[in-house]
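Both of the next two complexes hold chain A, though its partner changes from chain B to chain C.
Up next, the complex of A and B:
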């Protein structure tokens, strides 16, 4: 926390996606799809057959790639790897939890809001705890 | 490095504490009148905008899913599914530019439909003013390039496509623009939160 994090500037960074088929197809229509020379994509389509390990691996891959600036992840998928999402604290790539067709956005589960909510927690302020 | 000595509660121990340059600057900044209040306001504003923008993006996504479902209904499920996605090498037409304006928080800018062949005709986020007049005068060419890129994206699902698929594309583009605003709001929110946290730690 005390160390200043280097914020990399990039003139052409990608948007990665970990979401259901319709969401990924929609954003691919908007032009965010990228396939590199090794046929690696910047998205993972999550369906009933996708394992938690695959989601974890995709999340770790996208958050360590230098060419990715934002990772869009459906909130219900983020809930499957909640410990991983909540422990992520780099400024780039930014993790955005988005709603899906069957799971509307719930601010109570958002990792960013969970992190900052202690500022509204009168108990922790009164007791002088961090 | 400045050293600060303070007595513990018992009054018997002497404790040396070093303040590094960053903490000194923060302490000085927070001692300026209204600095902390300004941070709190920035935090609250960012939080409010962050939540409001999520309502907007939910609405845009819902419209996009509905249009996609309508297109699938008219074109057939076999014509709109993930198995048709292009897995050949191709760069993204819509990318982001990250800048670090004040050296403290990242700022994201959307670059929509930038053709890999014609990088000079890029369209940037509407908040960025074009500095070169030649970009403005070639607006028509830009629109043609944008339409060409849009059609290229739609052509994955065939030549004859439902108007609902085009509508879905526009809805998802709108959702993407809102998500970039959310990303910037997230940056501002986390920055002001960390500054307030540091100020509290420094006071203690």
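Up next, the complex of A and C:
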């Protein structure tokens, strides 16, 4: 049978962000930010006052919106909603975990790479240890 | 688990044998094709995996450079650029285009990034001071976005391929362990039934032949006995009883029309 999941061919899809302030500001500078007429943004700035519920809601909203193709999420934020991120298995939008300034990239926690850890028994993903 | 491979419930005729044989040929061919498809997909999968690992590492580096550029810009232009940028968000100038690519029969999504050049110019950040740092920071982040879009594209293809491989392997295993043994069992059952019918027929024929032989032997015995008693030689007609042949010839002696 053909692929049942239809990947929509979109010609202009947005990039959503759930990250700390500095990362979001940097990406907004680059021009990724979008505010539509109903004042809905495609980013969420996570600081020490943001609750886990807000992050969960934002994640759910971004993944169900039709015009978002990629969701960038800081790795420490992803750790807070790890169960949501791990149980998400739709191909679009793509969930990418990015490092932040205080938390460098840790491949051991990446939801995608952990699924294929069994393929890497000898070669390690963080190939710094040789 | 070996009790699962039974046979199909069919009428054991020659036509059905032909039909089931054709299905077995189809199943074998399909199995070989699906195995090839699974191998091709696995090769692609490994390639993408390698690319993902290397891209993720380079992404880590690029993010570090870009946040460094941002810190420089903040230092030079003052901390307020945060608010200026946050206020200035309107339409996204960097967007992502998603297409579908066909790889070994599987439709994989692919993202390209496009930038709306006209929307990017209306930004007054850093106009007062630090404009060059802000421009550099912007360029660094745009480069980071390029890498991230490519990584997202790889990741989605990776996940889609993973599922496609699982489905194909499931089908290969189903054909190999369920469908083909079932069809083979059906074929041997039909052949067995046909052989048994043939044997039944053969046995029936043999029985009838044996019966006829015994009948003839009994008649011969009777005639031999009678010949012992009487002297007249009467022809023995096989298939006609002794008494009726005797009567025929006895009548012929009196009838003038019959010339023997």
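Observations
FYI, the second predicted complex is superposed on the first by the 114 of 130 C-alpha atoms of A that agree within 3 Å, B and C clash if a C-alpha of one lies under 4 Å from a C-alpha of the other, contacts with A are read in each partner's own complex, and residues count from 1 in each chain.
In this text, a residue touches a chain if its C-beta (ideal position, glycine included) is under 8 Å from a C-beta of that chain, and two chains touch if they have at least 3 such contacts.
For clarity, every value in this text was computed on a predicted model and none was experimentally measured.
When both complexes are superposed on chain A, chain B and chain C occupy overlapping space and clash. In the overlay built on the shared chain, the residue A:72 is in contact with chain B and with chain C.
Shared-chain residue A:101: touches chain B and chain C both.
In the superposition on chain A, A:37 makes contact with chain B only, while chain C stays out of contact range.
Of the candidate stretches 166-174, 184-192 or 202-210 in chain C, only 166-174 runs into chain B once the two complexes are overlaid on chain A.
When both complexes are aligned on chain A by C-alpha atoms, chain A residues 7-15, 21-23, 25-35, 41-42, 69-70, 72, 91-92, 94, 96, 98-99, 101, 104-105, 107, 112-113, 115-116, 119 touch chain B in the first and chain C in the second.
Across the complex, chain C is touched by residues 3, 5, 7-15, 21-23, 25-35, 41-42, 69-70, 72, 89, 91-92, 94-96, 98-101, 104-105, 107, 110, 112-113, 115-116, 119, 125, 127 of chain A. By the touch rule above, chain C contacts chain A in their complex via residues 49, 52-53, 56-57, 59-60, 63-64, 66-67, 69-71, 81-82, 85-86, 89-100, 106-107, 109, 111, 114-115, 119-120, 123, 125, 134, 137-138, 141-142, 144-145, 148-149, 151-153, 155-156, 158-160, 162, 164. In the complex of the two chains, the chain B residues touching chain A come out as 20, 22-23, 43, 47, 50-51, 54, 57-58, 61, 64-65, 68-69, 80-82, 85-100, 103-106, 108, 111-114, 149-150, 153-154, 156, 165, 168-169, 171-173, 175-176, 179-180, 182-183, 186-187, 189-190, 193-194, 196-198, 201, 204. Listing the residues of chain A that touch chain B in their complex gives 1-2, 4, 7-15, 21-37, 39, 41-42, 45, 69-70, 72, 91-92, 94, 96, 98-99, 101, 104-105, 107, 112-113, 115-116, 119, 128, 130.
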